[in-house]
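Residue numbering begins at 1 within each chain, and the chains themselves are lettered A, B, C and D in the order written.
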Amino acid sequence: MQKHADKFILLTGFEPWNGEKYNPTMDVVEELAGSVLSGCKVLGYVLPVSYRRVKDTLPALILEKKPLVALHLGLAPGSPVISVEKVALNIMATGPDSDGYKPSGEPIYSDGPVAYFSTIPVDMIVESLRRNGIPARKSFFAGTFLCNYALYISLHTVEMYGLETLVGFMHIPYTPKQATEKASPTPSMCLHLMVEAVKIALETALRYVGENSNQVKK
Amino acid sequence: MQKHADKFILLTGFEPWNGEKYNPTMDVVEELAGSVLSGCKVLGYVLPVSYRRVKDTLPALILEKKPLVALHLGLAPGSPVISVEKVALNIMATGPDSDGYKPSGEPIYSDGPVAYFSTIPVDMIVESLRRNGIPARKSFFAGTFLCNYALYISLHTVEMYGLETLVGFMHIPYTPKQATEKASPTPSMCLHLMVEAVKIALETALRYVGENSNQVKK
Amino acid sequence: MQKHADKFILLTGFEPWNGEKYNPTMDVVEELAGSVLSGCKVLGYVLPVSYRRVKDTLPALILEKKPLVALHLGLAPGSPVISVEKVALNIMATGPDSDGYKPSGEPIYSDGPVAYFSTIPVDMIVESLRRNGIPARKSFFAGTFLCNYALYISLHTVEMYGLETLVGFMHIPYTPKQATEKASPTPSMCLHLMVEAVKIALETALRYVGENSNQVKK
Amino acid sequence: MQKHADKFILLTGFEPWNGEKYNPTMDVVEELAGSVLSGCKVLGYVLPVSYRRVKDTLPALILEKKPLVALHLGLAPGSPVISVEKVALNIMATGPDSDGYKPSGEPIYSDGPVAYFSTIPVDMIVESLRRNGIPARKSFFAGTFLCNYALYISLHTVEMYGLETLVGFMHIPYTPKQATEKASPTPSMCLHLMVEAVKIALETALRYVGENSNQVKK
């Protein structure tokens, strides 16, 4: 059954930052980019860790591709599980970014609301992941850096332009190899498990889209 | 090059305890039992979580098999990495065990020393694991329950009977599936990585045996 | 210099819940209730851990007293420092409360925004606390239980009725005595330090009120 | 009732190290030095964080003063509670110390046993502390730096010279002020609580000495 022919999924990762040489979200995106999930083609992008450049490119990307689902990935150093984010805050309070910009708590969009809830089915995704043996939790705080920023910008774009795109964010742990380079014992997760997790999340979101559009049609 | 023909490795895991339904050390032992590493056959055993029954069987097992290496495995709930243990203390202070026995700080052997250092090359093993991308650390405290107990008993047996067996202990994390059953986010490690870690540890220990016997011969 | 004659501060704590016999916020409130800070009288209240009863009483209390500052206190089990909260989310997702009510993610007010930022000067307060030797941090997530709930309700009430009340929330750690009753080692803070912290926070907020009204007047 | 006239307690702290400007053990020692507990005079010393200089002075100090109790204090960065140490290991594996010496796992005394158990009544002390509202735990690992080193040296000296001195070690947390200087939220304990804890520990140890000498006399 082909559900969403000629429909897209937008999947983004981030470049390494803060002295890290590696960001596992790049490998997850590369692994899934070009594949087809439930009839939807995965478009993969790697975002720079730059406030300015993400704002310059991400809204345009969403408006151009009008994806069914936009799922952003970020690295959560030290986290033991996958975190599916529920909240995006209208604040920039961490830095400096790769361009050397250091915000001090200003809003992302001065006319935007204090926060958005992400629109992917967070509870269903966390439940699916755990049922498939992948440690995951719902999170209500995506930080005040580029991860929260990308999530807020996508949600705001979708809201401003009345798109139907479901938007979400998943924080993933270090890979085991990456964890070996840290001074103190730190949690990690195998890359193949993180790829599997993203696939499950996307399929769960698409199934949710399908069920909701059916309901609307009836 | 066949190094240790007709020589054995003793590899032990533990049964589940404390309400857990699963202990990943059983799967690691099952995976490696019967295999041949550097010419040594791996003899696998699963120990009961019982002070009495481990004391009744473990010394006899070591005396009968006279393994080149005796490596014991245990589960460390909540640990983010593999811990290669350096110290065994002459104390029993955690319980109750599977037989309902609850010690209160008494010595394992009333005539034994306060502690033994494990005799596998702990630093070399930790370094090998990390070089192979597996998060690991050296630990100086193996608890006061059955894990410390098995390590102490093996070291004491080898000391008492003048055997050449190298003795060690590795604590492994939860598996990802097991971690999904915990109430709060908890670290885990894929089973295939833990199996790989135990193989690397055994091969490193055997190489160390080989190098040391060569030195002795010269 | 008498700054705010006949003006009030509203300070609330919570009753114990979840099997705890004690909630240190009650002692902090009792300690400060009736005192006068920068010319403002502290009105102390202890809230029930009940979604229904807090909604029934807290808005009326704020409308009646029209305090200059409404500062709510809650216990954060396991936290090592004082957390000054920046965000209140329009969600109820933790339970059951003292009345046995267990929400499942529904909004606090169905017509309320996704979130409010608290209106006390969070950064200034955190800085004042640390400068005075009291460990503190800014937090962007106050949970999804009664603490977040009280903060959201106060902010929403102030917004709906156009009050000038500054609203905030501080999470405090266990007391040392309380920490001794926990099964595993857990952080704590002396009660006198928490009382001092709340005084500093209130005085900082009142100074901020004073400075801002002066600016407005000019 | 004067129990131990002309008898001494040896209480030691450490100088700051590793970039810290402050070590709270110095203040605890200063607070109690010169005081009389259960008829015993407290002799206070601050040890340098130097392998060489501690070995040069600590054994001589114990042999000269022949204290009833020798209690060493150390700072445990990040610890949420007081840790009463049970084990001293014959190993030096952390550095560099204040003299720039960096050991690599060598024994403290090449002819010493692998470990000593401390001889103060650890369980009684932990119980007394908790009963008095001070968070505390028994610990089986005092690190591989100067803390473990001082404990081992004192125990070895007492053993070698057949003294009756009870020897122990307590790790204390950061003070609140000190914790405010750390980059991330970190546990702390008020100095007055740590002073109280050390008094309780010493009195408990002296009571234990008294009870045991009575038993011996009978």
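Going forward, a residue touches a chain if its C-beta (ideal position, glycine included) is under 8 Å from a C-beta of that chain, and two chains touch if they have at least 3 such contacts.
Every value quoted in this text rests on a predicted model; they were computed, and no experiment measured them.
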item: Angle of rotation relating chain A to chain C [CA atoms, steps of 5 degrees]; value: 180
item: Farthest-lying chain, centroid of Cα atoms versus that of chain B; value: C
item: Same-site or different-site touching of chain C by its copy chain D, using the half cut; value: same
item: Centroid spacing, where centroids are CA-atom means, of chain B and chain D in whole angstrom; value: 32
item: Distance between the centres, which are taken as Cα means, of chain D and chain A, whole angstrom; value: 50
item: Chain C and chain D: spacing of chain centres that average the CA atoms, whole Å; value: 40
item: Junction residues of chain B, two or more chains touched; value: none
item: Topology of the chain contact graph, where touching chains are joined (line, ring, star, complete, other); value: ring
item: Which pairs of chains touch, using the document's own definition; value: A-B, A-C, B-D, C-D
item: Of chain A, residues touching chain B in the complex; value: 79-81, 129-130, 133-137, 176-177, 179-180, 185-190, 193
item: Footprint of chain A on chain C - complex, ascending; value: 87, 89, 91, 105, 113-117, 123, 140-141, 144
